[in-house]
Amino acid sequence: MSHIHETRPHLHFRPWNVGRWVIWGLFALALLVAPMLWKSSFAQTMLCQIGIAIIACLAYNMLLGQGGMLSFGHAVYSGLGSFLAIHTLNLVGRGELALPVSLVPLVGGLAGLFFAALLGYVTTKKAGTTFGMITLGIGELVWSMSLMLPEFFGGEGGISANRVVGEKVWGISFGPQLQVYYLIAVYCFICTAAMYALTRTPLGRILNAVRDNPERVEFIGYSTQHVRYLAFMLSGFFAGIAGGLGAINFEIVTAEVVGAARSGAYLLFVFLGGATFFFGPIIGAVLMVVALVLLSEFTKAWLLYLGGVFLLMVMYAPGGFAALIMMNLRVAAFGKLRKLWTAYLALGGTGLTLLLGGAAMVEMVYHLQLNAALGPMTPFLGAQINALGVDAWVGAGFACLTGAFLFELARRHFLAQWGEVQEEIEREIKRREGL
Amino acid sequence: MLALENLHAYYGKSHVLHGVSLQVRPGEIVSLLGRNGSGRSTTVKAIMGLVDATGSVRWRDREELVGRKAYEIAHLGLGYVPENRDIFPKLTVHQNLMLGEKAPRRGAPARRWHFEDMYAMFPRLKERQHTEAGVLSGGEQQMLTLCRTLMGDPDLIMIDEPTEGLAPKIVELVAGYLRELKNRGISVLLVEQKLTIALEVSERCLVMGHGRIVFEGTPAELKADAYVRKEWLEV
Amino acid sequence: MDQILINLLNGLSSGLLLFMLSSGLTLIFSMMGVLNFAHASFYMLGAYVAYTLTGWLGFGLALVLAPLVVGLMGAGFERLVLRKVHAYGHVAELLITFGLSYVVLEVVQLVWGRTPLSFNPPTWLQGPAFTFVQSARDGLSVVGGAAPAELCRAGQEVVVQCSRFPLTRAFMMVVALGMLLALWWLLTRTRIGLVIQAALTHPEMAQALGHNVPRVFMLVFGAGCALAGLAGVIGGITFVTEPAMAAVVGSIIFVVVVVGGMGSLAGAFVASVLIGLLQTLPLTVDASLASLVRGMGGDVGPQTPGWPLLRITLAQAAPILPYLLLVLMLIFRPKGLLGTRDE
Amino acid sequence: MSSNGFALELIDARKCFGKTEIIRGANLQVRPGERVAIIGPNGAGKSTLFNLISGRFGLSSGQIRLHGQRIDGLKPYEINRRGLARSFQVSNLFNRLSVYENLRCAVLWSMGARYAFWRFLADMRAVNDRAEEVLAMIRLDKRRDQLAVNLTYAEQRALEIGITIAGGSSVILLDEPTAGMSKSETTRFIQLIREVTEGKTLLTVEHDMGVVFGLADRIAVLVYGEVIAFDTPEAVRANARVQEAYLGSVLAETQAAAAPSSFVGASA
Amino acid sequence: QKGETVRIAWIDPLTGLMAPVGQNQVKSFQFLAEQFSRNNPAGVKFEIVPIDNKLSPAETLNALKSAIDQGVRYVTQGNGSGAALALIDAIAKHNERNPGQEVLYFNHSAVDPDLTNGKCNYWHFRLDADTSMKMEALSAFMKDQKDIRKVFLINQNYAHGHQVAKYAKEALAAKRPDIQFVGEDLHPLAQVRDFAPYVAKIKASGADTVITGNWGSDLTLLIKAANDAGLNVKFFTYYAGVTGTPTAMGAEAAGRVFQVSYLHSNMGGVASQVMNDFKAKFGADWYTGSTYHLFALLSAAVAKAKSTDPVKVAAALEGLKVKSFNGEVEMRKSDHQLQQPLFISVWQKTDKKNSYDFENTGHTFAEVRAFDSYVSSTPTTCQMKRP
């Protein structure tokens, strides 16, 4: 009997291994060429932040997605990592410590690890809501302390440092943003790989088991608290690295890095990216930086859009973008994506109309609220529209309404098609199983 | 009283019932037999409006149940005892029973069952009445679910595997109560695994396989039909 | 003496306002398992809606109608959005309320603008409810309403202190107590509470027993929001009606709910008052660890290690005390003061 | 007290929940390699007894010894590491993991993986082989990559037992392993349990007399938290107190099944 | 340089806690940019590029990058000394690392004295008067108020609040040693909803005067709570004129709230004209006077340098004197701190002389004392490094 199964894992995994190399190769390539495609300094700052956010979100998802621990205070660990790193950087700058700047993020990581070890011991005793509330409490505590202890946290001005210190190593001074980017990219790649590897280890697997059913885990020889605690520390370590990189990138660390808003952002965007898949948080991280940094440049209504997108995503795609992608990949794997093409086009087209109409109205309302006195002209996607003009409103309203109507039609059509395709796939699977 | 006509049921996309037709007459015990996974529980849930279904379920020749909400169906006089002991774990035994009661309606006849009846039926429940139901023993939970549904005073009660996890003595007791229900004019649709009981108490037996009814007849006929028993009840 | 009384009353009244807020949250949290992050947003909506209604109908009607309007909004949100998400679990529910809080904030700013509104109490709520007159000669006395000026004028030889307690705060206390009674009645004297708890874990079964679970959920959510709305009306006239008012109370009400014990109304009440006092009374104490050590004869100064921590006075630390309480509570008694559940 | 070679020993075990005492001084001594069935009326405390032994609840007083060592007061995972595994009356699985992963988790500790995060699971040959082996044993190989939630009830029960035995513990507690199964499944399952517990100490709670009499070397009867009889099946069946307290009129039925193997067929 | 457009990035909060202030200020800048574009000595046009920094130092840096990418070479910011400290540092580094792309920073309202002392920088120019200068003026006024005997300090627990407290103690100790400090409190920034306990504490201390650097809701709520509890003391404030607070003060605070500032509601001349025009256009009050300074100084400097190149403009700005709405102002060379007259005004009912109706409350800030630049001028420790 065991003979038959001997060969099975190999048959099963071989094709995946190839795919894995390709995927990791592509990931490395993407990190490598990104700054060549987006050259402006603003784009490069964003890329840097994305790299940092990827590490932080993946670290966060180690708790949320892998371990089922809903934390409301993970910024504490990335943030304290930032502070320790910036203090270290200052020590290096004053010549009191000889440490290459490229290793400073590790100091952040160790700080994250240390604080996770310290605070995690009490937090991981419980799971579920209790865990969430303790993290919320600890988060608020650390945040309040940060304003009370300006000696360490630098008050509201924060702590600043200069990353261009010490000898140049191989001509790298970390002055230019690009050099910092590549430092971040290297860390990002290594950390991502390490965290992925972690999901393939005994601890990683048991962590999943703890997420699903902590009670049972106790009866197969594992201490749930121990598992959570270890995961919490590892997560704190990676979060700390992200924090350390942040310190180098901004050269200033302020109390907001430990704040509730940051913790909340981790939660929101990891969920939006998709907590159930390993790569979900990566998408989430990109979205996070794009939303918080870029969107607010484009429009004053960015918070409204952000909130709206959240509502819609949670309602209609609770698995996040990663789940959407995986669902479509599955359809593609069965060669049925072609069937959905037209439905997607219709969906996209009508959706866009709806969005344009809606957004135009939102922009006009904002304009009337905030800038009315600057005249009625509102910039919208490069054009100028008259926020007081009847035709603008009628036009936008018309686009919005017809868009909504057609979108609903398209949506129904799409759902029907989608259902059909899924059914076909089910049948296909059954057939294959039967073979 | 209850008539199913070509009932299909689905869990999401998977099609589980493939056209089930059956009747339950007033004051009758009908048992629904079949292997694991043959679709018995699904049938009962579909009648109760707990899974998506198409086809027709007529109640007292008037009401069509398919498409209605579970709570409306319950108010029409159907009762459902689930198989997996869906007691409300955080509530006490007594509160669980209270929840079995429905909001009183105008012009409704006097109720057939009261708390005392339940406690008389299963004294064990009376002993534990202020305990959280979640900590009850498996068998006690089974008793509780049965009583809870009875508190809703149904005219037809659908019971999914009522004897699972009950001590032999209590199984015997339950069989007795099923007959008692029948005597009080309540119809019973019994989903069972233990043939002994089912054959003993019911007037008619239905056997399901792969989401269809594959046999219908009296217990005696079923006992006699070796083929059906071999093909659809044993492996 | 009069200052102690005033401080106690202040603590009590702010505790009671917290209770108004957290009772709705407790209701929703315990019954539906939803951590409603938008609860404070409904509080804010209560204030804003009442402001507008006051303009049309006067404050009396607004006090009654605004909570209803907010309750309807809450019910509508439950009906149209939350219900869809329910199947995806609590994290999704939490996030959707998170998203809602953003949207509400933006919409409020769009409709009512970004600056604080001048939402003043009606004339019948203006002025003091009573005044403590503390005189070095005659001791403490209480005067209803404002004390006559000559009473408060310090004479040459006697020191007289007059401390007013505003009517709005007294009103706040009365309303909160009324709310407590009404809720207690609703939850213990009606069956709806049981149905909700049952539906929380086994919605299908509760339906199969004949309970209209979706409607019950909608009612609960609506009711919880209405309570927040009522708190908002009163908070709005007592403090300021401004877009930041939600964020300020946002996390503290979670502390109350957890410290009190999830799902326990009595617990929420006790915790509210406790936290109200905890936020208020320490403010009067200017002692710090350093002064404590000095008092015991120790010698500490800016060169002592840990001086930044030692230096903080209790008054400055007051804002973090509730969170400290929360953390300690969860470590040593995770079910909260009067809670029954562990997780 | 000498450890006189019992695999599991309960000495005057007591358990109170609030004021009610559920286990009232239970004594039980199980020899290694023995199969013991525990029967008793509903609410007698059978599952509670299992919970006490496996460390889910703490004892109020008394002792529990595993291979002569005291285990009362230990955490469930500590007890498991000393070689005791249990199943649950209501399936208790890792719902969002596949069947295979469920089993793999269950063997990890016993195969020495501990909390390792520096080794890949895929490289742990022994662990994977053992998981595959158990998978085949419980006949779920067809469902290898299904998530545990998506299994049918009977399959879940099988997996529940698979998880319990996977770690290779020497003492195994099964709480109503066949509840909710059809007769034919039950027969198959008894066979399976026999196979996988060969050479191990087994305690099982059952209400199905077919299983009880078909599987057990000795039967313990628990009534109101006390072991009122602990003897061979024949002796227990003949015991008047047991008849009165538990078997009731169904006795006839069970007696009809004097021979364990034929009983199973007869009732169907 | 004639006909060129000078673009100025405005990096301040448009969302969050300080949004109302930011909204008001961005309008002020745009309004004055329009006015100055029509007529200025350099003949250039001004354009404001608003970027939201959400009051966060890190976001401020993002905003700076974005501004630089858009080719903007002038930056202005002011709300929150935290963001200001981040910006002064980032701009210094940027200018050092990217010669030829220098950026100039006009700090319009961040008043942390550090910015022109320990942390001073060549590329930074402050248009507001810093905390110490305002306290100089305030204490000089208080010196003559004989009914002030017991002072209570209540401030926000962050850099600005700490500094107000510190300078108040120093200045009064020097000018009025007889004044007793009966209490001092630091409360968390923008988190206190209920100021009643603090008011009770002030009352208990027997204070007759309160000095506070609070702004925004922290000042609004403090005064409201004081009104409710019938706390009859004088308030000496920095920011009573900031959006929202006047409304909260209402009639009850009349005569009791003083403000130190370089602009008040009834100055007449250019100030009043801008104020009235602004109100007519936006229905809001113009209170950030440094918006005017910025254009006055910048256009004069561009004219002097005959170029819009920030390096040349920076050099031209040093020691530059121009006539602004509150008299002659000078950009002090040693630390880039604008030297300007300061005023103490009091909150009172509008009357003939003081007719400007603030936030439509029927009340206004009426001047009670004016100080020439030299009075409030404070020494600096700045060691300016020039490129």
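For clarity, chains are labelled A, B, C, D and E in written order, and residue numbers in each chain start from 1.
One rule holds in what follows: a residue touches a chain if its C-beta (ideal position, glycine included) is under 8 Å from a C-beta of that chain, and two chains touch if they have at least 3 such contacts.
Owing to the predicted nature of the structure, the values given are computational and were not obtained by experimental measurement.
Touching chain C and chain E together: A. Using CA-based centroids throughout, the chain positioned farthest away from chain B is E. Ranking every chain by how far its Cα centroid lies from the centroid of chain D, the top place goes to E.
Rounded to whole angstrom units, the spacing between the C-alpha centres of chain A and chain C is 33.
Centre-to-centre separation of chain B and chain C, using mean CA positions: 48 Å. One simple way to say how far apart two chains are is to compare their mean CA positions; for chain D and chain E this gives 76 Å. Rounded to whole angstrom units, the spacing between the C-alpha centres of chain C and chain D is 51. Residues of chain E in contact with two or more other chains: 23, 157, 188. Annotation for chain B: no residues touch two or more other chains. Under the contact definition stated at the top, not a single residue of chain D touches 2 or more other chains. On the side of chain C, the complex with chain A involves touching residues 35, 81, 84-85, 88, 91-92, 94-96, 98-103, 105-107, 109-110, 113, 251, 254-255, 258, 262, 308-309, 312, 316-317, 319-320, 323-324, 326-327, 330-331, 334, 342-343.
For chain B in complex with chain C, the touching residues are 48-50, 69-71, 73-75, 80, 82, 86-91, 95-96, 98-100, 102-103, 148-149, 152.
Interface of chain D with chain B (complex): residues 17, 39-48, 89-90, 152-154, 176, 179-185, 188, 207, 209, 246-251, 253-254, 267-268. Residue ranges on chain E touching chain A, taken from their complex, read 14-15, 23, 27, 30, 51-52, 54, 56-59, 61-62, 65-66, 68-69, 80-82, 84-86, 89-90, 93, 97, 112, 114, 157-160, 162, 188-189, 281-283. On chain A, the positions that touch chain C within their shared complex are 64, 70, 122, 125-130, 132-134, 136-138, 140-141, 144-145, 148-152, 260, 264, 267-268, 271, 275, 301, 303-304, 306-308, 310-311, 314-315, 318, 365-366, 369.
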